[in-house]
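Each in structure tokens, the structures are laid out below.
Shared between the two complexes below is chain A, which pairs with chain B and chain C, respectively.
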Partner chain A sequence: MSSYKQDCFGAKKKIDFNRQEMIAKEMQEAGESILENTVCETEVRIKNADGLHMRPAMKFVDIANRFESEITVSNDKTSVSGKSIMQISMLAATCGTRLKVKAEGPDAPQALEALRELVEVKMFDEPAGDNEKS
Partner chain B sequence: MNFGEFVCFKAIVGELQAGDRDGVIAELVTALKKAGELGGCNIKEIIRAVIKRENEASTGMGKGVAVPHIKHKAIKKVVAAVGQSSKGIDFNSLDKQPVYSVFLLISPVDDPDKHLEVMEKVFRHLQQEKFRKFLRQSHKAEQIIELLKEADEGSFL
Partner chain C sequence: MEVKKGIAVSPGIAIAKSLIIDSEDYLIPRRSIEPSKRMIEIQRVKNAFKSAIDELTGMKAGRDTLEQQSIKDIFAVHLRFMHDKSLRKRIMDLIQSEQVTAEYAVSTTMKEIASHFTKVKDPYISERAADIYDIERRLLKQLLGKKKEDLEHLTEEVAIVARELSPTQAAGFDKKYVKAMATDAGGRTSHTAIVARSLGIPAVVALEDLTESLLGGDTVIIDGNRGIVIVEPDEQTLKQYEQYLREFQELEHRLRELKEKPAVTRDGVQISLLGNIEFPVEAHLVLDKGGEGIGLYRTEFLYLNRSSEPSEEDQYKAYAETISVFKHRPVIIRTVDLGADKYTQSKRFVREPNPFLGLRSIRFCLQNLDMFKTQLRAMLRASVLGELKIMFPLITNLQELMQTKLILHDVMEDLDEAGIEYNRNIEIGIMIETPSAALTASTLARDVRFFSIGTNDLTQYTLAVDRGNELVSTLYSAVDPAVLRLMRTVIQDANKANIDLSVCGEMASEPEQVMLLMGMGVRTLSLAPPMIPEIKQIIRSVTIEQCNKVARKILSMSSERHISSFLHNEARKVLPEAF
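Here is the complex of A and B:
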């Protein structure tokens, strides 16, 4: 939970997510949802040698589509939807590239955590690049 | 990276003869071979490799376009063939719709960054509705070459 907490901006960053979820649940029960517009942002680094080519891009889009939140991915030049395979492929992120991932919606923190894990921990189930081997 | 730098203009097929995915792949690989881009490669092996890759996950990403691609050790420089089909090909696309425009790419094994650069160029254009529309209206190699040259001049960005 703590890994992306500092990445989320605005007033919500100080709120513990467990607590946030709890509050949300209470609010939902009351017929409202405060999490509806949660916006989170994080930076991920591409670590697999071949970069964000089509197969990793498909995995990314696949995970992104499991969430309700809007997902936006950006490099220095372009911002694209994290749910479109064609747009994600367009980023052409090579090994070592940093990408900003933004999620907006009720499950934004969970979406970011799942995507970060895919990119940085699982590295799309591909071999690490030369600079990323430990 | 311009289309002119990696698309082999001699391997542009204005109207594909094949009516199915594997046939289209074979037709485009053969076009590259005839254009002298594959050197002494065994084209049957390359065709098999592209089909194998396509079976793992379709590169038909919707909106009538497909980008079958492989890396191959005998290739030193990324090369692409382009084919148009007015009848439409079943590529098992993500949106289940037929494919009308095919970019087939073969990249060297040891240059992943160049491969991504080429993909960026291709997808940036295929993403544009206007580009896809013009491509789909092209049924002659010359028209496609003209379109790619216009794209290189920045007409679609």
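Here is the complex of A and C:
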């Protein structure tokens, strides 16, 4: 949880998840959405031993694709789409690598939370790397 | 329109749509397309992704009962790649910007991605390259798979264009629809040439980059007389070639009239014309062209055209079918000549640094006795049906010949014990195709009933030239003085020992070289069936006295170039329209 930080600019101020969901619901009922441009960003660390190889990359894009928001993942050198298995796997992120994850869209906060949980909590359902065991 | 020059290896003219064959391990050459065809290639990419998705979804359903989680994961990853829009876009962008085929764009993109992984130091991640190649193969299979199938089930006339054709590929065609062949590599005696000649279709080889200069479906003119291939001819060229084609067919027609006439010189010397075949069905072609029997039945194709070794019964049937066409005329069957450039599909052959000097032909048989004995049994059983003779290839010394005969004897004893009939007086002969066999012909002649000179291998081994290597193929010539001197020795030794002698190499079907062979004393020629009428016409136009003169003159010449041009001029005098 330590590396989890969040900045939401869309509504020009921080909105907590419950409230945002509530507003979204209201807006949906009203037939329009004003939350299209919510932008959230967080940093995650790869903790499983084998890194972001094919199977974890698959799990990552599967979750990313459940959300409407644009998802961008970056390391020091490059930014790629979080919905493309080709691009995610080409990041070649090994255990211990820090990645920035950015979401942009109506469900950005939820997307970020789900991805963070996959990477850091579930660790892709894989064994943790040596330095990550507690 | 583009005109490509190569080497003419089988005569004739064909105008047809091209069918490009890529090699079996998916080496995709860069092939440019016209800007207007980009949309077609992009659609092909989309279709390939769609079919791959269908295939994977079907596989997943089928595998659900299997508890192989790791395999399921692999397919699941492939499926994500197939759904990856950015991957698809990258491939389609390449087609847009570089104007290349779908195959090339897929192959290039996947190789770029794979090389990205191989650069990563972490071994677990660098191994992902293998996954990417796997995905590449999956897509290419969608793009090429249909084409491969098409080869066996052609529905329209095509000209086959390939980098190089393996004997296996060449044997797999639906022969009814293949009108011509053209390859980037190859020489005068490559397999493409041999197969094309036996089918009687034009072929041009050593075209270097032909496969990169055209697209499947382009119209091509393959001129097997002049050795050129014209891609997408303009109207004028097309008209001109349609005229050539008519003239050529007229010549063929005139030669057909020779079918019933004997192959006799003007001064009454009889020459025996036999056919070289690969498939039993070609026996009819030999008969149709006026051949008197089979001088060389190459049995390799029984082994190459399938995934497992042919059974004794398979072989017996093939031999019996061939013999039935000729009844009591000779059918010489050569034992299997595998190895070197001819491999079986099961790839039982270990890679050798120098295959032509390695475990091939009779040497391979002598080390694989079960396979060899199966073939000999099938031959012996078929021997009661007609005039079957057995010929052993690539004999290099007497010991090898004696060992081979011993094995044949073993098989005969087995048949005796089993009470199976065979011809006890079956004639045994050998091919003379190595300098060592030629130089010891007088010794070898004591233990066989006939010799057949295989001029292709004899030339390659004498001159140390790989006949299929276009970099040195100009050095390859059957009328080199060295080869001719060896042949003279063999012919003289066969005559002294009073055994039969024939020539079954490509030389026997070279119109320019037939007079020379006759002058050297050869009375039996075995050749590609389509060439029989033309050779017969030459025989009927000359006297043996003329031939003797030509041979005497040539055997006194010291340069291959002089010999070639002299022969060309002599032949032109005899049959002007053929040259």
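Note that in this section the second predicted complex is superposed on the first by the 121 of 134 C-alpha atoms of A that agree within 3 Å, B and C clash if a C-alpha of one lies under 4 Å from a C-alpha of the other, contacts with A are read in each partner's own complex, and residues count from 1 in each chain.
Quick note on the criterion: contacts are C-beta pairs under 8 Å (C-beta built on N, C-alpha and C of every residue); 3 or more make two chains touch, one makes a residue touch a chain.
This structure is a prediction, so every number in the text was calculated from the model and none was measured.
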First, second, both or neither for A:D62, with chain B first and chain C second: second
Contacts of A:A92 with chain B and chain C, given as first, second, both or neither: both
Touching partner for A:S81 - first (chain B), second (chain C), both, neither: second
Touching partner for A:A108 - first (chain B), second (chain C), both, neither: neither
Partner chain(s) touched by A:D50 [first = chain B, second = chain C, both, neither]: both
Contact residues common to both interfaces of chain A (with chain B and with chain C): 50-51, 53-55, 58, 85-87, 89-90, 92, 94
In the complex with chain A, residue positions of chain C that touch it: 73, 76-77, 80-81, 84-87, 90, 113, 116-117, 120, 122, 124-125, 128, 131
Complex contact set, residues of chain A against chain B: 49-55, 58, 85-87, 89-95
Touching residues on chain B, where the partner in the complex is chain A: 56-57, 59, 61-63, 67, 69, 94, 112-113, 115-117, 119-120, 123-124, 126-127
Complex interface listing, chain A residues touching chain C: 50-51, 53-55, 57-58, 61-62, 81, 84-87, 89-90, 92, 94
